[in-house]
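Next come two complexes built around chain A: one with chain B, the other with chain C.
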Partner chain A sequence: MSDADLAAPAKPAAIDARGSRILQGTGWARQLALPIALVLLLAGFGLADDRVLTTYNLLNIAQQTSYLALFAMAQMVVILTRGFDLSLGPTVSMVSVAAALAMAGIGGADANGIVAVLAAIAAGFALAAACGLFNGVVVSILGVSPLVATLGSMNIAIGVATTISDGRPVQGVPAAFADLFYRGSILGLPIAIVIAILVGGVLAFVLSRTVFGRSLYIIGTNPQAAAVAGIPVKRLLVYAYVLCSALAALGALMMTARTGSGEPNLGGTLSLQSIAAAVVGGTSLAGGRGGVGSAALGALFITILSNGMNLTRIDGYVQMIVLGAIVILGVVLDRLRLDGR
Partner chain B sequence: MSTTATLPGGPGRQSGQDILNLVLTVGLLPVLMAIVIIGTSLMSPYFLGWMNVVNILRMASFLAIIACGQAMVIIAGGFDLSVGAVVALASVVTAKAMAAAASAIGGPDILAIVIGIAAGLGSGLAVGLFNGLCVARLKVSGFVVTLGTMSATAGIGLLLTNGIPVYGMPKGFVQAIGRSQILGFPLAIYIALAVVLAMAFVQRRTLFGRYVYAIGGNQEAAVVSGVSIRRHLVGTYVLSGGLAATVGILLTALVGSGQASLGGDAMMLQSIAAAVIGGVSLRGGIGRVEVVAVAALFLTILGNALNLLHIDSRLQPIFLGLIMVLAVALDEFSRRRMSRV
Partner chain C sequence: MEPAATSTTPRNETAEPLLVLSGVTKRFPGVLALDDVDLDVKAGELHVLFGENGAGKSTLINVISGTFPPTSGSFRFGGEEMAELTPHKARAIGISPVFQEFSLVPSLTVEENLFLGRERSAAGILDAGGMRRRARELIAELGFDLDPKARVDKLDRAHQQMAEIAKALLGKVRLLILDEPTASLTERETGRLFELIARLKSQGVGIIYVSHRMREIRALADRVTVLRDGRHIKTLDAATVTDSELVELMTGRKIDVLFPAITHRPGEVAIAVEKLATADGQVADVDFFARAGEITGVAGLVGCGKSELVRAIYGIEPIASGSVTLRGETVTALDPRSSLRRGVAYFPANRGVEGLALSRPIRENVSMAALDLGRYQRRGIIRRTAERSLIGPIMETLKLRPPNIERAVGNLSGGNRQKVMLGRAMARDLDIFLFDEPSVGIDVGAKVEVYEFIKRLVEAGAAVVVVSSELPEVLALSNRLYVMHHGRIAALLEGEAMTEQNVLSSFFEEEAREKAA
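Let's turn to the complex of A and B:
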């Protein structure tokens, strides 16, 4: 679960030595800080309100976490390479609207909605891939900073989402779509949790056991060294941004199934929330450090915090202040961890 | 540039090269601005009308003041995402303090006005100081810290007002600062001119300005040369917070009430866009506030032109996004060419 574990398991001896040094330097107390904080937070809210620790609410937290975890993982992939994706939220809106429009367009033409669902998936992923491709090409080939590139594509995606939907929710999502991405369950677990766990598992494997994943860590740690070592930095950066957008698209389809309509405002604050979740979990904005575990933990932390504050009826405006404070605290802790090495 | 002369190519290619060279030497900004102004004035009779010109200049002044502060922070190698929220906070604090002082003191309006302005400016400076201390003392990334303070500041602004506009300011404030005109132009334009001139002087002729360039250009070299990094980094954030608060106060005077909805994310993004289009390098160390002010004027003209030409407001973000990416990509491209020659 820890970042050090994910940064360590490369085969070459040199990197292995570096990994073990990280493990010694960081120590267990720092690694366990966030999980312990999670348990304390949950216990504290449980004492404050007895609805917090019910099976129903815990399942609810898990389900909400799975959406944010997907977005945090998406963000984490590009943060590993010293980038970030401000267009993630608008991409979610755009995919949601496009998928709903595709389904509404096909409408009642097919009886059980399979064609409509496939069309929605195709439309959503195609748009997201185009957005990711744009980000990746602008960042890696044109050499524009990720902030400006994704700020640009953020504006473009907002424009596309509101234009094709006329700024209104898009109705006409068939039941088959909601069954596939929201209502279904496997072994009693809601489908959203299953999808998040599956995607997280595959992504963890890709990041820690494939050449592509290891290369992302090296690019983030030292881009010059990565280029000298013969890693096709530009191509892999494009892949990273496309992967980020694709994961965001998956989350967008799941959220569209949950709301039952294509929402042009669905993404809202997700860009910032996903960055916050990744950073609080321990992904370093300096690149090269982080993993699926850290993204998921960060997402869980933020979800529990907002769920608990909602149930204990803490003012929404105060929640904004608390979220801001948590983000700052997260990076300060990250800085202390780095200094601890 | 000697390599371009020896390049073989047909006449069409040559003229393409000429245009590219023109854009690279003059800069994209004047070329684009001329195109927008000429094109719009041909298509809309209202564009060059007196009311519209004054309106454009007023709106550009607000953006230019904020963008100057943003530019200083970016030149020093940082980022200030909290400026939009500071505008809102300063507006609310100014209105609350002024209304309270007016009803408590009762005496001449001028005292209440001064107290209100001081409180508003103070709130902005305080947020800037917090940002600066986090960045300089704790060495945390400016992006994340200001992401956190953005959320927290917006939360405080909403909490203070519950989202309801604050009234009760002395009439003199609105008349003297918001609606007064000198030689036919609103006061805000003169304040913006003064700010830009002062900042241009600071950048060129003061130690603070030169040190900001030095810190952004090469932090290690600046440290070795004996520059106090921390103090000047804090200074840039305080400056940015103070300028954002100034805009908050001016906007409050214009609309006649304190509102937590002023500024916001749109203003923050536009200030970054103005800085970046105005040639400020996100890597730090490069940029001139007067060019940034021209970029702010350009962005305001562009938005106004798109409105007058009846272009769907939902499509407008797409233009902004594309122009921003284009400007930075071109900047990067010309820098690479220069370093190659």
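Let's turn to the complex of A and C:
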């Protein structure tokens, strides 16, 4: 603390209080803050570039959002328990490569469609389950902090993805796979959007209506009290990390279908993007607060932002700066919300 | 510390004591808080005020420190009659109180608080450097691990207590008033404080010390004044008085109506513990049993292992050796989930930390220990309607006010929070109840309801264990009472033998035995 603080100690406190009151808002104002920001953002980019508000681009945004929404939901599940998963991005890369390798092994582009698709799904989910199990056991049973645990598994996953693919894209994804996870549509809606909506619906039900979901909120709110009340905290934490990785694997399969190959760098910045989306949407890193709606809104926000920045030709590295700033902003907002409680 | 220069000179034994109160009465609307109280404190003396809550100790020290004037009586300090004393004047003449409720401004730093209202300045400009130097000197002299630049609201309670003591000692001090100063200090900090007290005494400072802790009274006191119901009962020489004498003078009357009359009908042994030792060493070689239909009390000082004993039985304190038998079945691998399924409930002392998920609604907090039961869920899916219709009536019988079970627990008072915990016990079928400090942090009205709840459990045939640091509570509720000391059972008292004197004497016998060993 500096001398200036000492001379006028009451001042910063007063600003703090007023600042947090504005940012916290009251009940519904807080609920509506993000949707309003979304509309303003879209309108702003629309003024800057004609292509932003075209039907084509809006559908594109919706489709893009469905991928990020899946990852944000995955992240949200572990953030609810006071954790997070930095290995989510590399897990996506690893699943992508593994699924493509499985399909290539069966016969590549000529393979029997159904067998290849099943092989990809099996390989992808098995690897993701192993990854989630690893994270869950290290965090919950061994008691390593989620930061360190998933930072470690992040590197492991990057290493695995690069090694098994030799660092090159894995070709040989059959058409049936791309049809199922990318090209298909139901009632005119692209399959990615349909999958995201279905998964979101199921996850929302799981979180709000099942013993498992209820327990995740209680664990995140007060892990000690949860343990004293007989909730199997350690086991459920492992499940949460497995569920996170499984949702990431689903997203990875969809992205692999879109690119048409297994990509060892597919996950790229997804760890950070997914955490950003969840937190900006209102999931609290302190645990116990958040839901499917918040993850989806956050994903939409991040997607509109990067879509707009792409169309207005903002440099990719500048976009990274913006994304980093948004994560920090989201956490600061969360802190203010909690302080004002 | 700058004790008045005069007080360091050798005292004349016949001179008037530093502080003399005679016939002091303080009347609040409807309450006679002090009734004709006499008290004198000599320079260089530590004088303990001893009494139950509500005995008038706080009122007395408030009168002495100028918070409010006495209704009648005479109050002399340093040979002068004190009229129209204010807190500010009291400080100026060397009366320095340290209250339990802190007088610190949370948003200011420690050093700003030390000089609050007596800032040093020259020509209207604060002498920040001088004040900081003085604050540093003082804190170093006291040996406190306290950062003078830290904001008070960022400090924990122990450090706030240190800041409060430092504040009291900043100016010229002739009479220091300490109200349960060790309540939030660690052993080491308490040691520092005691050294400091000895130093102040040798400098001729008079000290009024309020405490319930026998050990401290033994270590520090020159004389003890016992107050009860606002009256001066007796002033005794600390060197000759016995603990049981003090306790008897303090309580005087027999158990009051706070505690319900409970009919104990001891039945089968519900919990039997043999040679139990916990992994952290807090419990060593304990034999213990509790029967259905009676309340088994466990008394002891903070840190004696009584809480760890029940926590080990419930399965949240790892066990090193020994056995726990529930209803004749020896149980290995204890954990909360299986304990609940065996019908054992535990009510933690710290409800905020171990009991409740504060931002979740009452309904979820009540049902959370019972979600494995078929009446709350089917194949993992919560039966919401059933949950609501089961939890609602439970909280109604517990008189939750207002009766809205969708409110977040964090908004509730201490008493209502404890009701949520009690409700949790009613959300499933249980017959062994372990209460850890059941009445801590709740008001008298809520206490009575908790005791009534315990009474209903026992009279319905449940086995209840009550662990408490409040002697009157365990004495009144228990059918049999274990006394723990340093992780061991020091005594088991039953029937007529269950008295405050016996509990206390078993502490000291155990202490003497340990010293001899």
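Note that the second predicted complex is superposed on the first by the 310 of 341 C-alpha atoms of A that agree within 3 Å, B and C clash if a C-alpha of one lies under 4 Å from a C-alpha of the other, contacts with A are read in each partner's own complex, and residues count from 1 in each chain.
As a working rule, contacts are C-beta pairs under 8 Å (C-beta built on N, C-alpha and C of every residue); 3 or more make two chains touch, one makes a residue touch a chain.
Predicted, not measured: the structure shown is a model, and the values here were computed from it.
Student: Where does A:V228 make contact in the superposed view: on chain B (first), on chain C (second), on both, or on neither?
Tutor: second
Student: Which partner chains sit in contact with A:L59 here, chain B, chain C, both or neither? Use first/second/both/neither.
Tutor: In the superposition, A:L59 touches no partner, neither chain B nor chain C.
Student: Between chain B and chain C, pick out the one touching the greater number of residues of chain A.
Tutor: Higher number of touched chain A residues: B.
Student: Who does A:R209 touch here: chain B (first), chain C (second), both, or neither?
Tutor: Only chain C is touched by A:R209; chain B is not.
Student: Can A:A129 be said to touch chain B (first), chain C (second), both, or neither?
Tutor: A:A129 contacts neither chain B nor chain C.
Student: For A:I218 in the superposed arrangement: first (chain B), second (chain C), both or neither?
Tutor: Touch partner of A:I218: chain C, not chain B.
Student: With both complexes superposed on chain A, which partner does A:L323 reach: first (chain B), second (chain C), both or neither?
Tutor: In the superposition, A:L323 touches chain B alone.
Student: Is A:V115 touching the first partner chain B, the second partner chain C, both, or neither of them?
Tutor: Neither chain B nor chain C is touched by A:V115.
Student: Per the definitions at the top, what is the overlap between the chain A residues touching chain B and those touching chain C?
Tutor: Dual-contact residues (chain A): none.
Student: How about chain A: which of its residues touch chain B in the complex?
Tutor: On the chain A side, the touching residues are 138, 142-145, 147-149, 151-156, 158-160, 162-163, 167, 272, 275-276, 279, 285-286, 315, 317-321, 323-328, 330-332, 334-335.
Student: Report the residues of chain B in contact with chain A in the complex, numbered from low to high.
Tutor: Going by the criterion above, the answer is residues 79, 134, 138-141, 143-145, 147-156, 158-159, 162, 269, 272-273, 276, 282-283, 312, 314-318, 320-322, 324-325, 328-329, 332-333, 336.
Student: Quick one: in the complex, what on chain C touches chain A?
Tutor: 107-109, 112, 126, 128, 149, 151, 316, 335-337, 339-340, 346, 348, 353-360, 364, 368-369, 371-372, 376-377, 380-382, 384, 410, 424
Student: List the residues on chain A that touch chain C in their complex, please.
Tutor: 1, 3, 6-7, 9-10, 13, 209-212, 214-215, 217-218, 221-222, 224-232, 288-289, 341
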